[in-house]
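Common to both upcoming complexes is chain A, partnered first by chain B, then by chain C.
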Partner chain A sequence: MKTVGMPRGLFYYYYYPWYKTFFNDLGARVILSSPTTRITVDQGINMAVDETCFPIKVYFGHVQELCQYDLDYLFVPRIVSVEARSYICPKFMGVPDMIRASFSDLPPLIDITIDISRSPRDFQEELYKTGRLFTKSRRRIKAAYEHGREELKYCQAIAAQGYTMAEAIDIWEGQEEKGSWNSDLCIGVLGHGYSLYDQTISLDIIGRLRKMGCRVLLPEALPGERVEEEASTMPKRIFWTLGRKMVGSAFIMEKKPEIDGIIYVACFACGPDSFIGEIIERKIENKPYMLLVIDEHTGEGGLNTRLEAFCDMLRRKRRQKIEDNLPAYG
Partner chain B sequence: MKITYPHMGNACIAIEAMLQKLKLEVIPPPPISKKTLEIGTKHCPEFACMPLKITMGNFIEALDLGADTILMAGGWGPCRFGYYAQVERDILADLGYKFDMVILEAPDSRVSELFRQLQALGQNVSIVEAFKALKFAWYKLQVVEELEKKLAYVHPRALDKRKAENIYDLALEKIKATQDKEEIDKLFHTCLASLDQIALRAEEPLRIGLVGEIYTVLEPMANYNLIRSLGRLNVEVDNSIYISDWLNDHLLGGLVKKSHRRQLLKCAAPYLNYFVGGHGLETVGSTVIYARQSYDGVIHLGPLTCMPEIVAQSVLKRVSSEEGIPCMTLYFDEHAGVAGIQTRLEAFTDMLKRKKARRAAIH
Partner chain C sequence: MSYYLGVDIGSVSSNFVLIDEKQQLQEKLYLRTEGNPVRAIKNGYKELLEKRREKLDIKGIGATGSGRHLADIILGADVVKNEITAHAVAASWFYPEVRTIIEIGGQDSKIILLQGGVVSDFAMNTVCAAGTGSFLDQQASRLNMSIYDFGPTALKSKQAVRIAGRCGVFAESDMIHKQQMGYPIEDILMGLCEALVRNYLNNVGKGKKIEAPIIFQGGVAANAGLKKAFEKILQTPIMIPPHYDVMGAIGAAILAREYIEDQGVNTAFKGDSFIIEGQFKSSSFECKGCPNLCEVVCIKREQEILAYWGDRCQKWESSLGHKEVG
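Let's look at the complex of A and B:
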C-alpha cells in the first residue's frame, strides 16, 4: 500500500476530509503529521526564512516531521486560487518551491497546482492527475473525487454547528462530539483557519474563550452566500479569498444582535491580514472589536490578560446596559 | 482640481510632465523625508509594508499643501499593492481630509482602457493631446533612465564620486523643471558629456545585480540610498528593474519596446515554478541570469513582510548554491538604521572582493 504524507497545516483545516477520502479510496494510506507542538514550531523556525509568517513556519515543521517517515509521496499542493479572480496569498503559491529549496531529503512531492482562476475545473483536473499515480481507472478516480467532496460537505456541516474546523475534522474521523459549554457571552472570532484552529499557533484562543464563559461564533457557521453578499459592499472587490470571507463575516456579525463583541486573530507578517484587520477595524462601529496579533513569541499570560479584559468589558457593558458609555474598542 | 501623486524614485519626473500636459494643476508631494515616513507609519497598519507607509506620508503632506485629488494605481493581487488605494482612502477619510481619489486600475494589458482613464482625468483634453502627453512623459522617462544607467557606469569607477553625483543630480533637477523637448535633449547630452569627462579608476569594479520589489529598488528613500552607497564602495550596480520596462510589460502589453521578460521567467524554473505576485518570479529569474553572466553577487531588496519577496528569498538560497552566486537579502522598514545597512554592505562587498581575488589567483 502506498503512503502519502500530509502536513497538518495551512489548508489541512479546509480540505483534509476531501484529500483523505480521495487517497483512501484510491488505496493509499494517508500519514498525517502529529498535532502542532512546541517541537514542530522550533523545527519550523529552524528551516524557514525568518521573515515568513508563523503558519508557514509551522507547516515547515510538519514537513520536517514527515521527512522522518518512509513515505512514497508527500502531498504539498500549490494552492493559488480556490475561486475565480481571487487568491489565497503569494506564500501559498510558492510553498512547494520553498520546501524544495529548504529540505534536502524529501520524498517525491505531489505538488499539484490548484488555480481555479485558470479554469473552473482546475481542482478536479489536478486531483485526477494525482489519482493517476495510484490507479489507471478513471472511473475510480472520479468516484474518489466525488466521495471526497461529499465527505468535506459533511465535515463542513459539522463545523456549522459551532465547532472549529479542527474539532469538526476530529468528529468526522469518529471522535465523540464535545459537550456543550456554559456561556453568557457570545463572541465572533475571525481569523485564517490555519492559525485560528491550530491550538499551538493561536494558543487555543477559542478554548480559552469558552472556558471564560463565551460562546464562540466562527465564520464557518455563517452561510456562504450571505458572507459574499456582505463583502461585496466594499468599494473594491477584495481579491484574497480568506480576507473577503473575514470582511463579510465581520459585517454579518456586526448586525447580529446576540453577538457581544468581535475578535480578529491575525498572525504577524501576514500580508492580507495587515490590511483586512485594518479595514474591519474601521468599518465596525457598533460592536467592540479587538485585533489580536500573534506570532511565535506570543506569551500565554499576555494573551489571557487581554482576553479576560475584553470579556470583563463586554460583561460590564451588558450589565450597565448603557450602550454608548464605553468606547467601541477593546 | 489640484492633483497629487505618490513618489517612486524618478517616476515623479514623468508623472508630473504627463499631468501638466493634461492641463492639470499639479501639487507634487514634498520629497520623501524622515518626516514623511513618520507620518505614514503613524497612520498605517503596523505590519503593512513600507511603500504603503511612505505613499501615505506623501498624500498627507500633499493634502496639507492644498491638493484635493490623489492619483494612485491599483491592481488585482495577490500582492497587497492592489488594495493600497482602498486602505489609504479609508484612512485619509477617517483623518478628516476631503479629497477625490482617482485610481488607475491595471487594465489587463488593454492600453485603450488606460488611455481612456487618462483622458477622463484631463481637463478638456482631446485624444490627440492626451496621447501627446503620454508620449512626452514616456520620452522624459527614457531620458532619465539613460542618465541613471550612465551614472551606474561612471559612479563606481569615478575617482571623484561627489562630482559625478552632483552632475547627475543637477541635470535631473533641470530636466524635471523643463517641459521643452529640445531643452531636454540639450541637458541630456551636456550631462552625458560631463560625466564622460570624469577621471576613472584603472581597476575594474565589482559587479552586483540588484533584484527585488520594484518600489524598494527604485526609491532611494525606501532603501536608504543603497545604490549610491554601493557606488561609493566602488561597486557597479546593475538594476534589474526599470519603470519603463515594468510599464511596457504590465500596462502596455510589450508594445513599446522589446521585452526580455519571457526569458526571465524561463530562467526562474526549476527554482520557482509559478508566479507569486509582485516581483517574486522576476527576482528569482534575474538572479539566475546574473549568475550565468558571472556577476560577482546579487543583492535582494524588499520591504519587511513583503509576501512575494519572502517566497523569492526562500528560493534564493537554493539558487545561490546551485548557480554559484552569493546573494544577500535586505529588508527595509521604518526602523532600519543607516549604519547597520552600511556595515552589511561593506562586509558583503569585502567578501566578494576576496572571492574575486582568490579566483583570479587560481586562474
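Let's look at the complex of A and C:
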C-alpha cells in the first residue's frame, strides 16, 4: 500500500476530508503529521525563511515531522486560487518551492497547482492527475473525487453546528463529539482557519473563550451565499478568498442580535490580514470589535488579559442595558 | 476597622491599597516588583500591617495586574480581574462621567473608552516601550537628572523641539542629536513628551474617538510635561486623579467590595500567619510529558504545593484537585 504524507497545516483545515477520502479510495494510506506542538513550531521557525508568516513556518515544522517517515509521496499542493476571480495569498504559491529549497531528503512531492481562476475545472483536473499515480482507472479516480467532495460537505455540516474545523475533522474521523459548553455570551470569532483552529498558533483562543463562558460563532457556521452577498456590499471587490470571507462574515455577525461582540484574530506578518482587519474595524460600528494580532512571540498573559477584558466589557454592558430598561419608578 | 484590600502586581511595580466600607482610600503603598512578584506580594502585605499598626480586618481582596494569579495564591483573592476592568472601575468611581482613560505604567500603556460608566472599547500596547515609565526613567538617567525633575524642567520650555518618536530607539538617537546641536534641555524634554504623546495616540489610540472628560493615570501621570503635551495635542484639559499611581489596585478593591456585598459571602483571605510566616517559592520546569514541552510554574509554601500553571493539558493543575485559576 502506498503512503501519502500530509502536513497538518494551512489548507488541511479547509480540505482534509476531501483529500483523505480521495487517497483512501485509491488505495493509499494517508499519514498526517501530529497536532502542532512547540517542537513543530521550533522546527518550523528553523527551517522556514524569516519573511514568511507564522502559519507557513508552522507548516514547515509539520513537513519536518513527516520527513522521518517512510513515505511514497508528500502531498503539498500549490494553492493559487480556489474560486473564480479570487486568490489565496501569494505566500501560499511558493510553499512547495520553499520546501524543496529547505529540505534535503524529501520524499517525492505531489505539488499539483490548484488555480481555479485559470479554469473552473482546475481542481478536478489536477486531482485526476494525482489519481493516476495510484490507478489507471479514470472511473475510480472520478468516484474518489466525488466521494471526497461529499465527505468534505459532511464535515462542513458538522462544523456548522458550532465546532471549529479542527474539531469537525476529528469528529468526522470518528472521535466523540465534545460536550456542550456553558455560556452566557456569544462571540463571533474570525480568522484564517489555519491560525485560528490550530490550538498552538492561536494559543487556543477559542478554548479560552469557551472557558470564559462564551459560545463562539465561526465563519464556517454561516451560509456561504450570505457571506458572499454581504461581502459584495464593499465598494471594491476583495479578491483574496479568505479576506472576503472574513469581511462578509463580520457583516453578518454585526447584524445578528444574539452576537455580543466580534474578535478578529490576525497574523502579525500577514499582508492580507493587515488591511482586512482594519477594513472590518472601520465598518463594524454597532458591535464591540477587537483585533488580536498574534505571532510566535505572543504571550499568554497579555492575550488572556485582552480576552477577559473583552468579556467583562460585554457582560457589564449587558447588565447596564437591562438596568436602563427597568422603569425608573418601580 | 474593616477594609477591602486591592493589589495590582505588575512587572515593574506592585501596588497595595486599603479602602473602607464607604470606598474611601485609607492606605496606599507602592513597591518595586524587581522581578520577584512573590516577594513583592509578601513584603507589601507586611509593610501594610506595619504601617497601620492594627489588626487588619480584611473583608475582601481584589487582585489585578500580570501577577494577579500569584496574588490570589498567596493572599487569597475574592476577585481576580484584568487590568482594563480594574482601571475602568476605579476611574469611573472618581469620575462617573469619564469617557477616556489614558493609562501609562512602567512597562505598558492602555487606552480605555467608556460610555455611561461601562467600557466600550480598549487597546493596550505591551510591545513598544517608548513612552512608558521605564523608558522615561532611562532617558532621565541618561541626562543625569532625577525623574522627579523631568516634568518640572519640561514645563519651563517655551518652544518644544520636534523629536522623532516613532519608536524608543529613534527618539533616543534624535534626542542625542538635538542635544549636540545645543538646544536647551527643557525644550528637548518637552519635545520628547510631545513625541511620546504622538506615538501613544498613533499606536495605542489608533482610530479611537478620544472624547472628554479625559483622565490620565498610571505612574507616568506624575510627569507634568506629558500631561501638558497631551493637553496641547488633544486641545482639551486633562484630569489626573489624586491616586493616579494606584488606580488599578483601587479598582480591584472596589470590585472585591461589590462582589462580597452582592454575594453575601466571606472572604477567601488566607490570613496573616499564612502570608507572613510561610516561605513562598516559585519555580518552573519543562514538562516532558508530551512534545508541547510546557514551561510549568509551580508555587510552593514550605513543602506544600499551592498551584501550578502553564500546563496546556492541565495535568499538573488538576493533580492538585482544587479550584481553577481563571
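Operating definition for what follows: the second predicted complex is superposed on the first by the 321 of 330 C-alpha atoms of A that agree within 3 Å, B and C clash if a C-alpha of one lies under 4 Å from a C-alpha of the other, contacts with A are read in each partner's own complex, and residues count from 1 in each chain.
As a working rule, contacts are C-beta pairs under 8 Å (C-beta built on N, C-alpha and C of every residue); 3 or more make two chains touch, one makes a residue touch a chain.
Source: prediction; values computed, not measured.
Per the definitions stated earlier, placing chain B and chain C onto a shared chain A by superposition produces no clash, and the two fit side by side.
In the superposed model, A:R38 makes contact with chain C only, not with chain B. By the document's definition of touching, both partners, chain B and chain C, reach A:R282.
Residue contacts after overlaying the shared chain place A:E308 against chain C, while chain B stays out of touching range. By the touch criterion defined above, A:A84 lies against neither chain B nor chain C after alignment on the C-alpha atoms of chain A.
Contacts of A:A157 after superposition: neither chain B nor chain C is touched. Figure note: vertex chain A, arms to chain B and chain C, all at CA centres after fitting on chain A; angle 80 degrees, rounded to a multiple of 10.
Looking at the superposition, the partner that touches the larger set of chain A residues, chain B or chain C, turns out to be B.
In the superposition on chain A, A:S274 contacts chain B only, with no contact to chain C. Note on the superposed arrangement: chain B and chain C approach each other to a least C-alpha distance of 5 Å. Touched by chain B in one complex and by chain C in the other are residues 278, 282 of chain A. Of all residues in chain A, those touching chain B in their complex are 48-49, 51-52, 78, 80, 85-91, 93-94, 96-98, 100-102, 113, 234-236, 238-240, 268-272, 274-275, 277-279, 282, 293. For chain B in complex with chain A, the residues that touch the partner chain are 45-49, 74, 76-80, 82-83, 85-87, 90-91, 94, 271-278, 280, 304-308, 310-319, 331.
Residues 66, 81-85, 116-122, 124, 126, 207, 290-294, 310, 312, 326 of chain C are the ones that touch chain A when the two sit in their complex. The residues of chain A lying in touch with chain C in their complex are 34, 37-40, 200, 204, 211-212, 278, 281-282, 288, 299-302, 304-306, 308-309, 312-313, 316-317, 320.
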